[in-house]
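In the two complexes that follow, subunit A is the common piece, with subunit B as its partner first and subunit C second.
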Partner chain A sequence: MMLGVYDNPDTVFSVTENLVKAGYDVHDVYTPFAVHNLDKVIGVKRTRLSIAAFCFAMTGLVSAIALQTYASYFDWQMNIGGKPSLHIPTYIPITFELSILFTAFGMVGCFFIVNRMFWGRNTDIIDLRVTDDRFVIAVNIHSKTDVKALEQTFVSGGAIEVRERAKDL
Partner chain B sequence: MSYESPIREPLVTGGKTYADVTRDILRPLENNASKSWWIGFSVSAVVLAIWIAATTWTMLEGIGAWGLNKTVGWAFDITNFVFWVGIGHAGTLISAVLLLFRQKWRMSINRSAEAMTIFAVICAASFILSHMGRPWVAYWPIPLPNAFGTLWVNFNSPLVWDVFAISTYFSVSLVFWYIGLIPDIATVRDRAEGLRKFIYNFFSMGWNGSTRTWHRYEMISLILAGISTPLVLSVHSIVSMDFATSLVPGWHTTIFPPYFVAGAIFSGFGMVLTLLVIGRVVLKQENYITMGHLDAMCRIVMLTGTMVGLAYITEFFVAAYSGVEYEQYAFINRASGPYWWSYWIMMTCNLIAPQVFWTKWARSTPWFIFLMSIIVNIGMWFERFVIIVTSLHRDFIPSSWTMYTPTITEFAILIGSFGLFFTLYFLFCKYLPTINMAEVKSIIPTHAHDEHHQEADHSTIEKGAAHG
Partner chain C sequence: MAHATTVQIREEKFIFSDKAKRLAFILMGAGLLLALIGYFTYHPQVEGFTDEQNHHLPIKRLLASILFNGYFFFIIATCAAVFLAISQVANAGWYVAIRRIPEAMSSFMPIGAIVVFGVVFLSLVVFHGGIYHWGHDGVMEADPLLAKKTWYLNKPFFLIRLAVFTAFWTWCATMIRKYSQNEDQIGGLTNFDKTFKLSAAFLVVFGFTFSMFAWDITMSVDAHWYSTIFTIYNFATGWVSALTVIYLITWYLRSNGYLDGIASDEHMHDLGKFMFAFSVFWTYMWTAQFLLIWYANIPEEVAYYKPRMFGSYKFFFYINIVLNFVVPFFIFMRRGAKRSRQVGVFVGTCILIGHWNDVFLMVMPGAMNLAAAVTGDNPTGIIETPSQGIGLMEIGFLGVFAGLFLYITLNALSKANLYPTKHPFLKESILHDTGV
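And then the complex of A and B:
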């Protein structure tokens, strides 16, 4: 694949737009911070993590209600000051907290799974400077790709460095 | 992309580039610890040792080591607990609520505020453990089956809700903090060598900075902020219900949840100011945590302090209006009884003192802001002391009226908890980036990187703004 290294998010944005328009296979763009709308330009589909989050919230909600009704009504009723055993309003705080807890951990767990992130992972970093101040556009090379023209687009867009990278990410 | 008016003061001053941000913020991590760090850390460690000694003594001796008695069953322990939980709230407010409101000035202070949240909740949790007297049965409030040897917990009790609220709050805050740290840990990783690289590589989880990852990252950051906002409100509401659902005059009021939340934010910002007014100078971060940041935080302190003051006055009005003589006596006793001094310290520090922030001078003079932040911390500690001790010490039967005097052990635990807090905070300053670099880079105007920026137009168009 070919890499174009830039130092300005605005340039990266416009070059990526041009590359996509010209029909190149943009693999991904690596940036030190989230550049807004770049995901739309390279055609990243809206993540379904929000749906996952909702499902986890519902799981937490149901588990919390099940736990409380089972423990205080079905399994072992206790008479504390004559208060009712099955009393939905007093279940609200714990139900709320557990919904949040399940959402946070479930959603973040899914985030790690879809990104294949785990503790101790040795990732193939495209360029060490990408977490500092450089922006890298990676374009996949196919048999039909016009490498010369691609290089030209990179350079005319303001690339400070263009190079080839053997290993596919 | 967002447009910012050129007349607005920039959020990051000094014409910093992205590389400058990385270098400036990682300076404490990548160099040997400075003298001031060692002094601060050593003092904190000594105070932490006091905490360890006093807590160990309490465990060995039992709650008899404290000044509690039959009438005043809660005093320093729960005061300290509520105080520390409250401190924690500013961190979540800054990172979650200000994210939802798109307040970009939060970006250079959210990391240290969130760290503060986590360490403050650790301090608070230590008081829950020690106030039990028998900390080895601390698992009893967790719902465990009857066959385990205890009965199911009482789900009608706010104390059980509190167990869920505090543990959820701590773990969700930790997750939120860690998610924010991952891109920055990757930055450290990519500049480090040897063992450092190994450790930071381990915790960076293979972060690669690709647009796909950022896309998902922004989504989960937004949702975490969305769920943390009601969470932080619920936590202190539930803490307040520990009191409000009881029948003790002075506690049994419906105003407690909003009043506690406002107080928590107030005290939390007090502590953020205490840390950052010093930290920005010591860590040479004046260009990131600007006077504008201090000004904004002072305004929040003034606003929330006034809200708390309004609540104090409302309580008096409601007591008078209710016609309940116990309630009325509880409040008259607060202001003019044997603990009158604690009530007036509270009133002075929390309602009257923050009014100085109406003046520009007060909001732009760092030493004065620091002084005020200490006053706020003192005032909010006394608020909890007033609520707990003055309400309890004269209960329904005058024959059981009594006074509460703390012992040296209790003072040692209170002072020592600051040692626990600051030891953790100093370690954080040394080993993790104290400012969210990825977010701060996103609010730097891109023209700072334009070599020809003299000719280029000076519109401050910003790219990005990580999930903001």
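And then the complex of A and C:
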């Protein structure tokens, strides 16, 4: 994997554009802040997080209804203000809250799993400087990739550093 | 897609076409005609009512139809001004491309305020009550529950605060509009800073005064009843309707070739998210108000829901939830739906009809009731009138005010540039991107 380190979002953008046009396999571009439209250039796919969120919300909804029906109807019926034990309006607040709780926790869990963040594991950051003020373009190298030309593209685009990284992310 | 660092900012004007003008006038004319036909052909024969009691109903229905339609469009225009103020105070950048649309909508405010004030004045002063039960002569003194509210619910104070509030909001909206148009001439940050300060002041004052405004205009129709969440529920109604109108007008402009390269699907997406989110917000408020009353089961409070939920207004009550929650929630949840014109216009129309129906449901049941002597058998002094449904009068005045609103909005839109060309955040707004 070849890394080109830059210090300007505009040059990163144009270099990435050129690399994609030239047919290189751009792994990802790491930036300290969002660079608009860069995701479209490197062809980031539509996130599936919303589908996951919907599934978590449905899980929360079903468990909330199951819990309340079991507790307040099947297990122990109580007379509260003469209201029926099995009645939709009483279930709205808890169902609403549990759907949100499950969604929130599920999404945080998804975030940890997708980014491979676990207890006792130090995250492998591609270059520590991307958390500060540097931009890194990572290009995957295959057997046919012309490394010399790639390096040339990096440098002529204004890279302040070009290096190879042995370990893939 | 290219990295668009350069954007084309040109002066663009909206041309108010004859076709659109004709449509607005047809809406107004046909609406007025329908309303008049409705009024003169309305001879109610309610079971158990005497002829004299039946005789009261047409004028009540006429006033209530004007009031709830005028109120609906007035809060839409006001919430458009609030949209500007909130975006300004939050230093939002994305909305600048469509900023002139809420600005144009807010120019309906003076007319809306006059209509609301006029109907209230007619009801309270000319007809001695009209749609307001508490306004009938002698009611406040005879009714022990209402007697406690006399310090707040009395005609002079009511009319004065209504005039002061609406005048202040209208003045704020006018100034915000004026600063924005001055900015087109001279540029710079002076007008931006002035708008910021005025918006902050407007929002604080609006927050408090809108509470009283909503209590006065719609809640005091059912004078015995009170709900502490009613204001925010009313605000949610106006706010989501205003966002929907902005969304629909933006689609109208874009499909007619305006705002090309300025407002994009990204702006539609964000407005759509707002519509979705605030439809849920409205439902939250609606449910919160309903649930507490349902749980507590106090007679004065439950009296509000009885005719609506189990009585003759049942249909409108349930269709309300379908149009305002089920439709936007399930149809508008997907990303593609917010970016599609067909789906957007369908959902937008449903939301507008739904909230119109919601305001109808707030005003009509209470407004049509008759006042009677407070006795042991009838401690509230109210004779309930069954639902007269939605007829020519309601639809007619909807047409009148919709036409008027369209005409004033589009006319104001054609007066200034279609987007603020020298706004400091314009470039940010044009490049706005909601991500993949």
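One rule holds for everything that comes next: the second predicted complex is superposed on the first by the 169 of 169 C-alpha atoms of A that agree within 3 Å, B and C clash if a C-alpha of one lies under 4 Å from a C-alpha of the other, contacts with A are read in each partner's own complex, and residues count from 1 in each chain.
What we mean here is this: a contact is a pair of C-beta atoms (placed from the backbone, for glycine too) under 8 Å apart; a residue touches a chain by one contact, two chains touch by 3 or more.
This structure is a prediction, so every number in the text was calculated from the model and none was measured.
J.: Should subunit B and subunit C be called a clash or a fit once both complexes are overlaid on subunit A?
T.: Overlaying the two complexes on subunit A (C-alpha atoms) leaves subunit C and subunit B clashing.
J.: A:K83 in the overlay: touching subunit B, subunit C, both, or neither? Say first, second, both or neither.
T.: Both subunit B and subunit C are touched by A:K83.
J.: For subunit A, which side has the bigger count of touched residues, subunit B or subunit C?
T.: B
J.: In the superposed arrangement, does A:D10 touch subunit B (first), subunit C (second), both or neither?
T.: After superposing on A, A:D10 lies in contact with both subunit B and subunit C.
J.: Pick one for A:F74: touches subunit B only (first), subunit C only (second), both, or neither.
T.: neither
J.: Is A:P93 contacted by the first partner subunit B, the second partner subunit C, both or neither?
T.: In the superposition, A:P93 touches subunit B and subunit C alike.
J.: Touch test for A:D39: subunit B only (first), subunit C only (second), both, or neither?
T.: Touch partners of A:D39: subunit B and subunit C.
J.: Determine, under the contact definition given at the top, whether A:S50 touches first (subunit B), second (subunit C), both, or neither.
T.: In the superposition, A:S50 contacts both subunit B and subunit C.
J.: Which positions of subunit A sit in both the subunit B and the subunit C interface?
T.: The overlap between the subunit B and subunit C interfaces on subunit A comprises residues 10, 13, 34, 36-37, 39, 44, 47, 50, 83, 93.
J.: Spell out the part of subunit A that touches subunit B in their complex, as residue ranges.
T.: 7-10, 13, 28-39, 42, 44, 47, 49-50, 53, 67-68, 71-72, 75-76, 78, 80, 83, 87, 90-91, 93-94, 96-98, 100-101, 103-105, 107-108, 111-112, 114-126, 128-133, 169
J.: Quick check: in the complex, which residue numbers of subunit B touch subunit A?
T.: Counting only subunit B, the residues touching subunit A are 1, 17-19, 22, 143, 145-146, 151-156, 158, 160-161, 164-165, 168, 171-172, 175-176, 179, 182-183, 186-187, 189-191, 201-203, 205-220, 223-224, 227, 230-231, 234, 238, 241, 437-439, 441-442, 446, 449-450, 461, 463-467.
J.: In the complex formed with subunit C, which residues of subunit A make contact?
T.: Listed in rising order, the residues of subunit A that touch subunit C are 10, 13-14, 17, 34, 36-37, 39-41, 44-47, 50, 81-83, 89, 92-93.
J.: Could you please specify the touching residues of subunit C with respect to subunit A in the complex?
T.: 1, 3-5, 287, 290-291, 294-297, 335, 431, 433, 435-436
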